[in-house]
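In the two assemblies presented below, subunit A is common to both, partnered first by subunit B and then by subunit C.
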Partner chain A sequence: MAPWMSSGLIYASGLALTAGSITLLYIVTRTFNFAVASMATIGFYVVYTGVTLFGGLPYQYYPFVLIIGAITGVICYYGLNRPLLYRKAAETTLMMSTLGYDLILLSLIQMYADFLTYNFKLFPRRVTMSLFDFELFGERAAAFILPVIAIGFLMILHFFLTKTKFGIAMRATIENPTLAGASGINSDRVYLVSWIISGGMASLGGAFMVMAMTGTPVMGMYTIPLMFAGAILGGLGNIYGGILGGMVIGLTEYAGVYLLAQQFGPWVLGYRMGIPLFIMAATLLVFPRGLSGIPLGKIIKNLFAGQKRGASV
Partner chain B sequence: MITNESSGDKFKGLIMSRIVFVLAVIIALLAFLYFSRGISIILTILIQVTIFSIITMSLNLESGYAGIPQFGRVAAVIAGAFAVGAIPGRIMAAFMGLPSGAEYASDTVNFKLVPEINSLLAGSWLISLGFLIMCLVLAALSGALIGWLISRPAIRLKEGYLGISMLAIGDFFMWVGHNWKIIVGGSTPVNVPDPFRMFGADRFNVIVPVFFVIAILIFIYLNKLTQSPFGRNLRMLRDNDLSANAAGLNIVKVRTQALVIGAAIAAIGGGLYVIYTGSVAAIGLTRLTFTFWPWAYMMLGGIGSNIGVFLGVFLLTILRTMIIIFRSTWFGFLMQVGIDPLWLEYTLLGAVIIIVILFMPHGLVPEKIAPMLPSKRIKKVLADRQAVSE
Partner chain C sequence: MLTVKNLNSGYGKLQVLYDLNIDVPEKGLTVIVGPNGAGKTTLLCSIMNIANVFSGEILFAGEPLTGVITHKLAQKGISYVPQMGNVFAELTVLDNLHMAGYMLSKSEVNDKSEQMTEIFPVLKKFIHRLAGTLSGGERRMLAIAMGLMKNPKLMLLDELSTDLAPIIAERVMVEVARMRDELGITILMVEQMAKRALEIGDTAYLLVSGEVRYSGKADSLLHEPKLCSMYLGIKQASGKDGAFELSVSDEGSENS
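Take a look at the complex of A and B:
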């Protein structure tokens, strides 16, 4: 594999999870969750703390990442999002409230980094997490392990949403909250569970992404436009679209920068953020509802239907 | 009719009492700072208040009055800062026969050039004044241009989408400035010629009143603007864009106008900030300082109320400064475990946003819906009508 491929794959799996987390929360609660930035950073610091203080591989701390991410989600739900949802607050107000929560989390992260520096003589402000990785087939193991974990996580999520009773109730609430409430589904519980899942996903995504980039207390701050770009590219309509969008954004960032730098020289590297944003803008121009808005089924049907094509359009 | 009037008066009284109360708190805090730290800290606070109240008032025009979720305020501020950092210095250099092309922003040339321009500026108050006005005009023009450019693709998007794309655009501008050396030197900051150089040690004492006058002029302009038919159009758009459209309002046009005017004013704020600090470092023009802090100021002060925005900026700036200067005396317990109390600034920012949203959604000074005409005129019109009908 080319160097950009392994890093790109790792980074894209992380971005896919965070974009999926944003999408999930948006379709359930209409909240654009800014706090994903700090939740991702928290995921990184959980792994970093575990690896430096207790040793071992980064992967064995992922369960803790999920738990702590879920806890930050629950706090945000009960402290902030629930009262606002019951007040039927506007979309911008919901967005601002998560921004406030994100900034508080960011300050706590900064303080925690100070605390680690002072008491354990660590250097938590510039971390290369891939140093803690091992090699597999001459590549960083993360390039194989992380996509597998991401896909496994998604399969569990898919199973949860389609096969369990609660998952079906959740999908019903997403489709039509009023009708779901009328048929006896507790929307409060649905919101809570979606915060738990998306908090866990966001933190896990951060723990993934840091295997391909420098871990800093502000890494979430810097990557949040890309996470949102992934979610918007996916169309904010369903979770799989968001995950696909994050994947596309992450891979194009690495592949695009690599190809352009070969073509035009290394100065391109500074503008790497522009490439995914450009792709997002271009996609939205063609498909205003994002990737999940592409009527794939219809296209395939029309391809085989032959003469009926004109009629159905 | 009578009940309306009395409730209106009550509301007015409530607003006035709140304004007086907040002003009293601000003056008390300022007095405390003056007696414990001296005049220089007051001057610093005042300069920050003027700059950020300009930026926040522009945000208030776009988000408070027009209802556009402007999460990319930093883009216009950057436009102003870059314009002031890149263009007026070059014009002066070309005028003086110094290198003014791409090499102007290079770190090996710039630090020799700017003192020469400064010595020219220090010699004549007329050139200095002209330079300052040129800076402000250039900043406003480039801000308006950027605002128009951003409005083109963004204007048709819906609430959240619009906010997020503006946020991404703002970040992208910062990276462009950080990487493209020709504009403002890339990762090495470029120096800005100082139009206040002639005052020497009294520089701050002059900057404060000059900036204050500019801020007050903008305040008056925005107050006039928001009470004009244009301002009522904006509010109509914010409260219900469908009915505004049905009433024959061209939504895209009005929104574009709001974005362009707001961006021009924010760019003036960015230009003033750069003149005050004396250098432009692209990496320092962050989303946190120039988008999120203004949002917090605006929400604390009261969305849709210019006087409230001013009070919000004043109060929060004082609190921020107090955290910075009293960090070792008040937060010593944090320093004992190695934590820098400076991070409490973020906590304050987040806490203010959350508390305002949860407990006082209208802010310190709620928006006052002023009638279209002064109440005396309305009463007169009503009386005339009654007389006619009788």
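Take a look at the complex of A and C:
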């Protein structure tokens, strides 16, 4: 594996989940969730607490990450989002309310970090989580395990949205909330489930990302521009597009920095965030609807038609 | 079955309906006609708690509906077929039918879906196709089938004939009359194709600028030359024997 690839895959898998989380909430509730930053950080602290206090591998704490992430989502929905949705609040209001929630969560995270320091003599403000990982085929195991978990999560989500009654009802509500309500679908329940899934995805994404970066109480705030970049690159209207966008942003950050640093020197590292953001801007200039707006079917069809024409000539 | 008393409603701060009184008799077809912007769709949206009701009462079988959440209205047996966006374009025809019967049990949904494909054979042909790929007429048939999935006591139909070719619109009207006659469903229909709607309807209300200008028998409204020409675009001329002959102006949905 190329040096950038293992870290890139780990980081991109996490970013894909957080970008998917942002997209899911936006298409269901029209809310740009800034709290995804602290939700991701909470994911890191759940795993950190597990491995330092109870031992074992980071992976075995992922179910707890999902549960606690989902709980933070439920609190945000009932405490802020639901009352505002019922008052038909504007998108800006919905967005700013999640920023407020993010600041509350950030304060709680700081308090929790202090709690771990004073009571357990730990150093939770600068953590290298990869030290808790093991090796597989000469690489960090996370480079294999996390993409598989991310793809597995995506497949379960796809099955839920396309094969279950409630999942199809969610898609119906996303497409046409008025008709869904008139059909007897309880949109309140749909919004709640989307916050549960989204909260779980954000926290799991944070738990993934920290396997490739330093874990700090502000790691979510540091990476949130890239989480949003992934969602925007994905087109914001399609959850699979958001996940793909996050994956592309994560991989290009690592690959871009590695390749450019080899060419121009290590000073490039200071501009690492600029590379994926530049790629996002360039992609949107060509495909304004993002990755999910790329007419892949048409392109493939044209390619095959071109090949056939070439063969007949 | 449905009674609207002194209804004042609209969207946000904008009032659209003023002191509206409407009575929808059981197992009848009540038609709401009127020019654009009269508040016809707002009336249906007020019943479905989509528009804001400022004051007044909406009673369904004697039970107040004001403030009841939309999805609970469906559970009470009220089915709403909106004018636009009346199918889930990104779901298959079968999924659309299943979503329309969301509150029914699995076996009931399967039975009803089967029944709907028998009533509307065109749906059977496209059962696994995305609803967004259907033609306008097929979509309207699917929308009606979705409305019927819930075994409704009352159906609210909003301008079913909009954007349809006259021949397809006529088929839709025939289906509406059939729902009343064969299935015994109470129907409140808002319609721009006024002449045809008044021909098949039992009771009619003419809405102008959010107020009722006529209420009574549907076919009697066709014999109100002033109202017909002023608000519905239906011109009337005396026939040889003195009886009225109806024609529709260029602004109407039919051409004479």
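The rule we apply is simple: the second predicted complex is superposed on the first by the 298 of 313 C-alpha atoms of A that agree within 3 Å, B and C clash if a C-alpha of one lies under 4 Å from a C-alpha of the other, contacts with A are read in each partner's own complex, and residues count from 1 in each chain.
The definition used in the following text is that a residue touches a chain if its C-beta (ideal position, glycine included) is under 8 Å from a C-beta of that chain, and two chains touch if they have at least 3 such contacts.
None of the values given here were measured: they were computed from a predicted structure.
Asks: Of subunit B and subunit C, which one touches more of subunit A's residues?
Replies: Comparing touch counts on subunit A for subunit B and subunit C gives B.
Asks: Looking at A:Lys163 after the superposition, I want to know if it touches subunit B, subunit C, both of them or none. Which is it: first, second, both, neither?
Replies: It touches nothing on subunit B or subunit C.
Asks: Does subunit B (first) or subunit C (second) touch A:Thr178, or do both, or does neither?
Replies: second
Asks: Scan A:Arg126 for contacts with subunit B and subunit C and give back first, second, both or neither.
Replies: neither
Asks: Quick check on the superposed pair: does A:Glu91 touch subunit B, subunit C, both, or neither? Answer first, second, both or neither.
Replies: After superposing on A, A:Glu91 lies in contact with subunit B but is clear of subunit C.
Asks: With the two structures laid over each other on chain A, which partner does A:Ser187 touch: subunit B (first), subunit C (second), both, or neither?
Replies: Second partner only, subunit C.
Asks: Do any residues of subunit A touch both subunit B and subunit C, and if so, which are they?
Replies: Overlap of subunit B and subunit C footprints on subunit A: empty.
Asks: Spell out the residues on subunit A that touch subunit B in their complex, using ranges where they run on.
Replies: Listed in rising order, the residues of subunit A that touch subunit B are 26, 32, 79-80, 83-84, 89-93, 95-97, 99-108, 110-111, 114-115, 117-119, 221, 225, 228-229, 232, 267, 270-271, 273-274, 277, 280-281.
Asks: Touching residues of subunit B toward subunit A in the complex: what are they?
Replies: Residues of subunit B touching subunit A: 63, 69, 153, 159-161, 163-165, 167-169, 171-172, 175-176, 178-180, 287-288, 292, 295, 299, 334, 337-340, 343-347, 349-354, 357-358, 361.
Asks: Using the touch definition up top, name the residues of subunit C that touch subunit A in the complex.
Replies: Result: residues 48, 50, 69-71, 73-75, 79-80, 82, 85-91, 95, 98-100, 102-103, 146, 150 of subunit C touch subunit A.
Asks: Could you list, by residue number, the parts of subunit A that touch subunit C in their complex?
Replies: 165, 168-169, 171-172, 175-176, 178-187
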